[in-house]
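Notes to accompany the following structure.
Chain lettering (A, B, C and D) follows the sequence in which the chains are written, and residue indices restart at 1 in each chain.
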Amino acid sequence: MHLIYQIFVDPFVQMGSAPDLLVQTLWEGLVAGVLYSLIALGFVLIFKASGVFNFAQGIMVVFAALTLVGFYEHGVPAYLALALTIAVMFGLAFAVERLMLRPLVNQPDIILFMATFGLTYFLIGFGELVFGGDPKVMIASQLGLPKGAVEFKMAGGFVSLQKIDIAAAIIASVMVAALAVFFQKTRVGRALRAVADSHKAALSVGISLEYIWVIVWFAAGLVALATGIMWGARSEVSFALEIIALKALPVLILGGFTSIPGAIIGGVIIGVGEKIGEFYWGPLLGSGIETWLAYVIALVFLLFRPQGLFGERIIERI
Amino acid sequence: MFYREVGQYKTNYSADMSVMPLLQDRVGIGIILFIAVVIIPSFGNAFFIQAIMIPFLVFSLAAIGLNLLTGYTGLLSLGTGAFMGVGAYACYKLTTYFPGVNILIWIVASGFFSAAVGVVFGLPSLRIKGFYLAVATLAAQFFLSWCFIRQPWFYNYNASGAIEVPTRTLFGIPITGATASDTARYYVVLGVVVAMTWLASNLVHGRIGRMWMAVRDMDLAAELIGIRLLRTKLLAFAVSSFYCGVAGALLVFQWYGSAEPAVFDVNLSFFILFMVIIGGLGSLTGSYLGAALIFILPIVLRYIPPHLGIPIRPATVDHIQYMIIGALIVLFLIVEPNGLARLWQIGKQKLRVWPFPY
Amino acid sequence: MANAASGADTFSKLLVRNAHLYGARPAMRHKDLGIWQSWTWRQSLDLVRAYAVGLHRLGVKRGETIAIVGANRPKLYWSVMAAQMLGAIPVPVYADAVADELAYVLAHADVRFAAVEDQEQIDKIQSVMQRLPKLEFMVYDEKRGLRDYDHSHLRSMDDVIEEGRKALAGDPAVAEWLDKEIAAGKGADPSIILYTSGTTGTSKGVVLSNERSIHAATDTATFDKLNEKDVALAYLPLAWVGDHYLNYAQGMVSGFCMACPESADTAMQDLREIGPTFYFAPPRTLELLLTRVMIRMEDAGFVKRKLFHYFIDVARRYGERILNGQSVPISGRLLYWLGNILVYGPLKNVLGFSKVRVAYTAGEAIGPDLFNFYRSIGLNLKQLYGQTEAFLYVTAQPDGEIYSDTVGPACPNVDIRIADNGEVQFKSPGMFTGYFKDDAKTAEAMTPDGYVKTGDAGFFDEKTGHLKIIDRAKDVGRLNDGTLFPPKYIENKLKFYPNIREVVALGDQHDFVAVMLNIDLTAVGSWAERNNVVYASYQELAGHPLVYEMIAKHVAEVNRSLAADKIMAGAQIKRFLILHKELDADDGELTRTQKVRRGFIADRYAPLIKALYDGSKEADISTEVTFEDGRKGVISARVKIRDMQTEPPPMERAA
Amino acid sequence: MRAPGGPEVSVGDVLLSVDDVSLSFGGVKAVSNVSFDIHKGEIRAIIGPNGAGKTSMLNIINGFYHPQHGHITFKGKTRTRMQPHEAAYGGIARTFQNVALFRGMTALDNIMAGRSLKMHSNFFWQLLRHGPAMHEEVEHRHRVEEIIDFLKIQEIRRVPVGRLPYGLQKRVELGRALAMEPDLLLLDEPMAGMNLEEKEDMSRFVLDVNDHYGTTIALIEHDMGVVMDLSDRVVVLDHGIKIADGTPNEIKGNQAVIDAYLGVAH
């Protein structure tokens, strides 16, 4: 009886009694969600274009962030460092296509999936070798990202929004918009969508798969960089970040592997749901439930919509 | 070349359908078993038995478990680590509650617990497929490892949060815990692993194996020839998790001796998955080969530089090791996507038709 | 085993004896439904008894003939046994015989019954029914496709056997009656009629008697120490004396197991599975096999290939001597031992020869290289000489006395003499009792003092005392200048080249020797691939200038070897051509045992022969061909003719 | 052993009847108000131009799709929502337009898999591969070998089907269907993409199956020649609507059919 109360009543009472906390939590969730979305976005881009389930997306975030900071630490001016990092990400995309995707073309998905594991390990090793294992501070301010927080009163309490978070939200939305345009308007973008349907189609558009893959991985790299900067600015740059890649997976289930809007909305749902759950229900289950809550949400969701929020409906033919 | 198949003809179906129709193969297995049972314990040093053979066998068993699910039934799972955990903790709890009962029984029994858990988390497999399912299994992974960390009941409220393996005996000889000799533990592991491998090969060579592979190769067609998809998939989940569970129990009770929850995190799942892929999907032999490669490679990499007298900081070794393993995995996938098992087969075929090329 | 055989003077009695001696040992195996179905001697006996009773109920009577048509299948062998048990005379017919030949044999043998393999044979027979007024009833093995056939004169063997079994079970009197029937069989009774595929004209029915067959088989089985533990693969035509002697008769006498392949095309695989200990193959089969081996080795990796050729060379040097138990340097033994592990052993394994204890080849001369190859890798291959009229064996090579160019000394209890005209004549235990319904021909084939004329020309080699066969006596002709001309001798020399499949040598009553030949599509084909010569058909490849070049080289070599031999020097080849089509049994150019039908070819290819001798560079020819499905068609071509240099006979040899 | 479900139907009676069945995918009508029946022991052809809804029809019959309207009566039992495996147990087997074999398995295992629904030995015997489990394996292997012999595919027994040429794959697939000892065999374009010789073989096999096993057959085929030779009765679909039903000869003359094939606008 008491338990029932604890689960189904008490949390909502709390929410009602302290709306400022609720808003605060929602905001936290939203921001976290945005970052999940960004990573998920990286996955979706690659999955759409090459059917590769890119496990390395998470590590690419870390790698990008580390490279950026690394350059800066070696005395490279912040914006130049940024440019260089972008160049590095392109190099990475190029190398991946050359050394990994091309030789593995037409292999079963699971093999490519495994290959991205290999990539992950390689990048971890490489990153630690070059930049060392210890955490670094993101050069947020040097990149002109705002500091501090805006606070405003609300229902007898405070709600404080980190400027950096606001920036994150904005940048994320800008990126999504940009990508949307890229997909809808540009020739490559259209080819890309064609690839998602069938590789032959892409070729008929007259663009080589190799080229498309490089572009896509590069795009994913950029997204990773952005994510890295944001996330790094909020906490710090270290391989601990890798875990957020796994956080992004339930987002994918929710949004569908091939849907960009799905990734965004899924991200927000997961982010918010996670924070709310952790904050209001966590205590009675013992804290730390956010490690799996996201998955359980996604899983339950899956049982009703196997193809995710926006994924194409699967009509089985035979 | 060593194969002499002339005159090895079958006059009845049971002989024709035996798992190893060729005499030479049976002899080969015999030799391997002899080495495992007699040579290694009598000549292998403590390090070899304790730090290489025991874990190798345990991981092989886990790999077989995952292979039954992913390789034979085509269901990708990333929850292996957790299922192993369930086994380990189940065994731990069982032996704390019933110290009297022989530990071997509990090791096997713990398999049933992970089987049950496996079935629960396998339920979604009816509706969802491929990577969606893989991600779903991650739910199991994270939820369970969370339990191991956050629910003190699992580790008897130890301050350390780790589980300590008590000493248990078989015929008066300690086979678990601090006092158990390497050899004793080795024999227990060997016994269990060999027996379960035999059972697994029986399964996959029979009706159930065919049903699993049918589901893997084309589930719609499978359904239309009267195979019930959910049942078949759940059975695969159950059997697979059972194997992983036992492997997990062995891992803690016969190898580590004590374990933090962290042991059974998602990385273990990936580790086992590597073994299966590199070893070869849908091959029991492959599971062993994969386990050998993935488990032993790092050890080798770790011990080579010192022997070559190259002075490197251990941290650096770590990093380089990561890079090499990563690169090797990619390289290997490029060279032989079908895994070591395939190479093994090709080699065997060559020997069979020797001196001819095909 | 000889003594064991004594007492039993008919095959039926032998079968009974075997059921007692080797009751639980396998008598018959058959690759069917994926596994080797097996029957022990006891089971065979029971089955045959039931079958015999069943046949009797259908009206088969003592002394009657019954046709056996089909491939090597247990049920057909049992048909033979069942017939013999009733004192009826089985008449096996080649499964691939075209309706026409089939009609001739069945009519000539006045069969009232036929035991056939399947629908195909039944259709064939029914298509010539009007020529077989005597044929009343057919029993078949394969039910498939016969469901809606009129069964008033048709039964499945299974039913017949089942009926017999019921009868035997139901009434002990039947069993007694059958025992009497078996006892009633006399050694002198004919046991079988084998129709010779006769190199010339239509075939004759060679009648063999129980006791003679058994006597002969006993002698040779003893000679080769065959026993109940041996295994033989019955893959050669069941109607051919070779199969009936080597597998059926010797099997019955020594109680070994006869294994039937799943089908003709799986024979190779089945051979490998069953691993026979007693093996027979005509030279052309061995040749085909060797060619395949060499071709496959061509595709092997460099190292493997080198290894292979090195050790094959080692084998050539020591293998044979080791097999003959002669002295070999220790180093040689060592190398051979190594080679045996690396090459010979595995090779014999993939070919299915690992367990072969005794292997025979016969039918035509075998190339020394070919013969020595198999012996050198440790296959105890031997030659025998014989013919249907002798129930196969006349001479055979005993272990340890093996020469590629002889056929060995007379078999035990065989008496051989050479007539003045060089013809080989013999008296043997197994010799036939006469041609069926043809005393004239029988008389013709025998000498007044009871020797059989083989029709082969030959002589005893002084050195070895073994018999050497050059050619058919009547085929040995003379060129216009009087030089001796044994066509076979020349043809064989050419045929020993893997590239040459078939040869017809001409020269009798001509000024010089000329040959027409077939290239071997397998060998030349792969040669063409390696030298990227493109071709669409046999005809195109045969006409290719490069191919002519290659063949010309072979012919030149043959001329050289002919020149080396004084009497043959005059018979060198002056001109040759490559035929535009492969000689084929379906067109009547070859016999069913793949021997060349000279007379027939002479008029069929008259235009070419004319061209060969009138010096023209090429000639047109069009020939009618029969396709597998029996349809006929015509192919015509322009065939090139090639002139050859001849070598002068080396004087010092002459001296 | 006959499949369970429904009383035995004797030759000539209605084995299966399709009553007023309609199926649509999100607005697109695949089949609308189609009715026809299949008699025990006959060979029934379903023909029609591309997109006529033939394959959908088969998918409905063996429960892979569920019609929104109308129902199927099989062996006297009427079902609207039948699961595929139920259909299989009921005695309906099926081959597919583009071969749906288990590519990773040998021809033998594929056909053995076809007998799964007839094998019942429990899990623990399976584990030991002994006793009942092994007896069962042997017994069914024997049945399967008979099919292999019947289809003349002995030499490819142990070849993974993925490596087989198309024609042989089709044959193996037929074998797998036969292994189920079905009362009703659905063949979806059994001769698609075959050369003349292969077509003749396949036609032979289809007739033999019908004759030898007495199996009722419903087949979709484009090659009119084949249809006319093989089938006892033909039903013609066009744009999901039944436009004709009758013996081959009746169909030949039918104006609607001719129009449909000449693509006269509707």
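Rule of thumb we're sticking to: contacts are C-beta pairs under 8 Å (C-beta built on N, C-alpha and C of every residue); 3 or more make two chains touch, one makes a residue touch a chain.
Remember, it's a predicted structure, so these values are computed and weren't measured experimentally.
S.K.: Apart from chain C, which chains are still tied to one another through touching, counting links that pass through other chains?
M.R.: The remaining chains, counted without chain C, form one piece that is still joined by touching.
S.K.: Taking contacts as defined above, which has more of them, B-D or A-B?
M.R.: If we tally the contacting C-beta pairs, A-B comes out ahead.
S.K.: If you average the CA atoms of chain B and of chain D, how many Å lie between those two points?
M.R.: 41
S.K.: Taking each chain's centre as the mean of its CA atoms, how far is chain A from chain B in angstrom?
M.R.: Centre separation, chain A to chain B: 33 Å.
S.K.: Between chain C and chain D, what is the separation of their C-alpha centroids in Å?
M.R.: Each chain reduced to its C-alpha mean, chain C and chain D end up 48 Å apart.
S.K.: If you average the Cα atoms of chain B and of chain C to get two centres, how far apart are those centres in Å?
M.R.: Between these chains, centre-to-centre, one finds 58 Å.
S.K.: What are the residue numbers in chain A that touch two or more other chains?
M.R.: 318
S.K.: Using the touch rule from the top of the page, what residues of chain D touch 2 or more other chains?
M.R.: Residues 64, 96, 100, 141-142.
S.K.: Where in chain B do residues touch at least two different other chains?
M.R.: As it turns out, chain B has residues touching two or more other chains at 12-13, 16, 220-221, 224.
S.K.: For the complex, give me every residue of chain C touching chain D.
M.R.: Its residues touching chain D are 32-35, 144-145, 147-148, 262-263, 265-266.
S.K.: List the residues on chain D that touch chain B in their complex, please.
M.R.: So the residues of chain D touching chain B come out as 62, 64, 84-85, 87-89, 93-94, 96, 100-105, 109, 112-114, 116-117, 119, 121, 123, 126-129, 133-134, 136-138, 141-142, 176-177, 180.
S.K.: Can you tell me which positions in chain B touch chain D when the two form their complex?
M.R.: 12-14, 16-17, 19, 199, 202-203, 205-208, 210-211, 213-214, 216-218, 220-228, 235, 282
S.K.: In their shared complex, at which residues does chain B touch chain A?
M.R.: 70, 76, 124, 127-132, 134-136, 138-139, 142-143, 145-146, 149-151, 220-221, 224, 266, 270, 273-274, 277, 281, 315-316, 318-330, 333-334, 337
S.K.: Hey, which residues of chain B end up touching chain C in the complex?
M.R.: 1, 3-13, 15-16, 353-358
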